[in-house]
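In what comes next, chain A is part of two complexes: it sits with chain B in the first one and with chain C in the second one.
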Partner chain A sequence: MTAKSWLTPTIIAVVALVLPFLLRDPYPQHILIMILIWATLGTAWNLLGGYAGQVSFGHAAFFGLGAYSAGLLFLHLKISTWWGMLLGPFVATAVAVPIGLICFRLRGPYFALATLALGEIFRLVFTNWVKFTHGAQGILILSTFPTKLPYYYIALAIWGLAMFTLNRLINSKLGYYFVSIREDQDAAESLGIPTTRYKMYAFLPSAFLAGLTGAFYMNYIAFIDPHVVFSLGDISVMVILVVMMGGVANPWGAPVGAAIYIALNEIFRAWLGSANVLAFGILVCLVILFLPNGVMGELGQIRRTAFRQKPAAAGGGQK
Partner chain B sequence: MSLFGQTVICGILLGGMYALIAIGMTLIMGVMKIINLAHGALVMVGMYITYVCYKSWGLDPYIGMLIAMPALFLIGCLIQRYMINRLVEVDSILPENQVLLTVGIMLVLTELARLIFKSDYRSVTTGYSSSTFFVGDMSISIPMTVGFFIAMAFTYLLHLFLTRTDLGRSIRATAQDRNAAIYMGVNAPRVTVITFGIGSALAAAGGSLLLPLFYLWPDIGHLFTAKAFIITILGGMGSTMGAIFGGLTLGIAESLGATYISMGYKDVVGLVIFLLVLLFLPGGFKSLTKR
Partner chain C sequence: MSFFEVKNIVKNFGGLTAVNNVSFTVEKGEIFGLIGPNGSGKTTIFNLINRFYPLTSGEIYFQGQRIDGLPTHKICELGIGRTFQVVKPLRRMTVLENVMAGAFLHTGSIARARAKALEVLDFCALAHRKDVEAKSLTIADRKRLEIARALATEPKLLLLDETAAGLNPKEQEEAIAIIQKIRDAGITIIIVEHVMKVIMGISNRILAINFGREIARGTPREIANHPEVIKAYLGDAYA
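Right after this comes the complex of A and B.
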């Protein structure tokens, strides 16, 4: 480890720890927490979708399972939803095992469609299984803490865990295996990589982190219903757009994308009222058309354009 | 027994109209090899155009359809020409970029509709909306039957177009092997533009036929995207006949599920069939006939 590789994370950690003392109002703190939630969820998706190349359109399933694990503990056993933070990730991971075994038989668009269908099945089952889940009525709890500060630090810890996991995984042998599977699955297999097993190694931590985020979401927002936490458009697809905007297969892609997404969402909502999703949709189209690898992925390109330098000799964009 | 018969017939009629939407998607998928998540949104736009024609000029949905189809053809061509085709040359880490672009397009179309028409549920009530006729003691809805036959007529016309005309043949050639088609002198980018246009026009037609039967609101597109996907996978990508069988299967399965299980779980039935086909018959029905 060189000094430089520690520098950026340390600075970011210090800034993140001090930030809530500079922004004391509940509103900016809420925004920070939402950014952290999306950053964690995005990091989880990025591990599977960005590095291993298995584009999942059903990550809401794990987010929702985490959230409902916490909610149902309270509903049926009357114990604190915080225990869901322990249970939720494991439920999500346990469910991910059969899902992975089924879906990893499929490739590319077929895999995407299978995960999309699974995510929708979870939403429909949790909506219709009224006896067990209260259906569309959702689950409402009382917030534990009166201020945002404890939530902020918990969210920060979860995000830190996600970043740590991601970095450990992608800088190990596993990371190279993931990328090789993404770039050419047949070649990877012919080199002796058991691709299904290594896809699982990307999938399980991803589901675990998504479940953890979901359980935290339950505790923080204090209300869930199937249409929110299992949403195809607002969770499964949005997390892909967030990572896409920030930078696929880039450790900072998810946090940057999350910050852009939440910030834009708030700004657009203030300026444009009901047209905020429209503006966001237009922005998504523009980003994909002009920055196909996201903000972090095209950083070199952006810098060159901004400072009007000549393009570097051999495609200097970070990949 | 008459309940069963009525359920199956209702499923077949509905499935025929779903099939028309799905044929639009399967055409696009076959030629472009991409998942078009904006397809349902295009259906929704077509429905709103027909709805506006009905509200402002009192045009029957079946006539409004003739306005909605060319309009959607144009929109589809523009989307393909200026957005999706631009991405083909761009180098990116994930090939799914085009899919995400269609997600962006879906967001934009849905939100535009919400901005203009609000989220209210709207419906078109024509004289025949709830009229039925009886076969034995099974009552069968007239708009469903009319819609089914128009859908089948369109499917037949499309089949003729794809097999008998030069343009149709170049579309099929591009779907089979894009590079080989280019070597043979097919202008592939132009073919993709036209294909997307035709696919969108068929989506609009399907939407207009379903308008007398469904409530209309901006998010209805998601419903149709999901259905069109299931049908496309059931039938096999790029196969018109497959899409018809897929449509009928989904229609019957949903309608049986709604009658015998519960209304809420009817979509689960469709999705479970979808997963099973995806796993055990990945080529769809198309692969069965090839053997």
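Right after this comes the complex of A and C.
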């Protein structure tokens, strides 16, 4: 790695570490935490959907499993929900294993459909298995910390872990294999790439990180119910929109998309009430029309247009 | 035991028998030509060798090992590379990244994969295009990228499917030169080609098929004068 490639992450890390001291009110700190949650979930999705091209319509399943791992530990064993952050990611990963083993062998939209069904199945099971989950009533805990600050730093650490994992993976042989599989599975196989296995290598860390995010969410929000954490629209689909907004297969796509989503969410909610989701959807459509690679993916394009430069020789736009 | 052997292979697609009881052997170091009119089953034979499709019946051996039944990536790992008639570039990756994807078969190191890829691109006279996204290559360069990517996996046997189709005469000459260079590097080749000038000029032996069946085999000269081959290509009136 060159000195320059360390510069941006270092600056961002320093800014992220001091930011809550500049924004001392709980409200902006809450906004920052929500951005970090979505940035982490989006990064998990991007690794699998953006790089390896395996589009999941059910990341709420893994997020929700992480959240409920924490919640149920408390409910049944009276163990601190923080242990859920240890258990949740492994539960999510364990559920991902059979799904991947079955779907990644098949051609066509099976994986997308299976993940879509998975999220909905968990939502229904957790709603109706009242004895075990408290059903739609949800699980309520007492917050551990009176201030936002500890939550902020935990969320930051989780996001950092996600960014580190993503960057380590995509800047290695695995990253090349992921993108090859996305671009042409037949070509990839004929180049000696065991495509089923490498899809798993993208899927399992993705599910793990989604589970971790969910477990943190339980601890932070202190309340979950199946319709929130297993939501198709508000989580599974929204995470795709967030990444598309920021930039699919771009390491900064999820964090930038998350920042835009959460910021707009707050602005629109004041104006539009519940129509804010619709407004965000329309904005994503506009982004797809005019910036098909998302804000980060088109950043080079935007800069060139702004400075009226000729485009450089076409180059590896994706990496 | 031959270097490579195909024994009585059959492939049915529903009611259609695309490959019907074809057998041949390929010896180490030779260029083996496979010809036949459109739809005669040439590409299907390649797809059976690297197991894009399972055989209906028959056997395939490579260096003494039976390979039908192994998954596609395993067959490449054993040393059989291939190109696609309908090219399959990794579109949103650069030419260099495409070739690196092949080179990673034998290394986990980015630096080494990169070095190998650059060497292969040089060999295929494609180095000047290395930073271009594969989707913006001309057809001639795409065909060449197919070869380069397969070569990066360090095959012992290379299956070339119509790498000269759609090229102008000058590009065809260059394609021939590259194929000969590959042979000179010690790689055995099975080549499918419609451009007769190409296949007649470089093959040691040729197998001609029609409707999935063998119709003739022999040296290029024998094949060129074989009545069945002339009939298959030009119609009954010329036989």
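Note that in this section the second predicted complex is superposed on the first by the 298 of 319 C-alpha atoms of A that agree within 3 Å, B and C clash if a C-alpha of one lies under 4 Å from a C-alpha of the other, contacts with A are read in each partner's own complex, and residues count from 1 in each chain.
Here is the rule we go by: a residue touches a chain if its C-beta (ideal position, glycine included) is under 8 Å from a C-beta of that chain, and two chains touch if they have at least 3 such contacts.
All values reported here derive from a predicted model rather than from experimental measurement.
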item: Touched partner set for A:177, first chain B, second chain C, both or neither; value: second
item: First (chain B), second (chain C), both or neither touched by A:266; value: neither
item: First (chain B), second (chain C), both or neither touched by A:234; value: neither
item: Touching partner for A:192 - first (chain B), second (chain C), both, neither; value: second
item: Chain B and chain C footprints on chain A, overlapping residues; value: 319
item: Touching residues (chain side chain A, partner chain C) in the complex; value: 171-173, 176-177, 179-180, 183-184, 186-195, 313-319
item: Residues of chain C that touch chain A when the two form their complex; value: 50, 52, 71-74, 76-77, 81-82, 84, 88-94, 97, 100-102, 104-105, 107-110, 113, 131-133, 136, 149-150, 152-153
item: Chain B-touching residues of chain A, taken from the complex the two chains share; value: 49-50, 53, 55, 102, 105-106, 108-110, 112-114, 116-118, 120-121, 124-125, 127-128, 182, 232-233, 237, 240-241, 244, 248-249, 274-275, 277-278, 280-282, 284-285, 288-289, 292-293, 297, 319
item: Sites on chain B touched by chain A in the complex; value: 33-35, 37, 83, 86-87, 90-97, 99-101, 103-108, 110-112, 114-115, 222, 226, 229-230, 233, 262, 264-265, 267-268, 271-272, 274-275, 278-279, 282
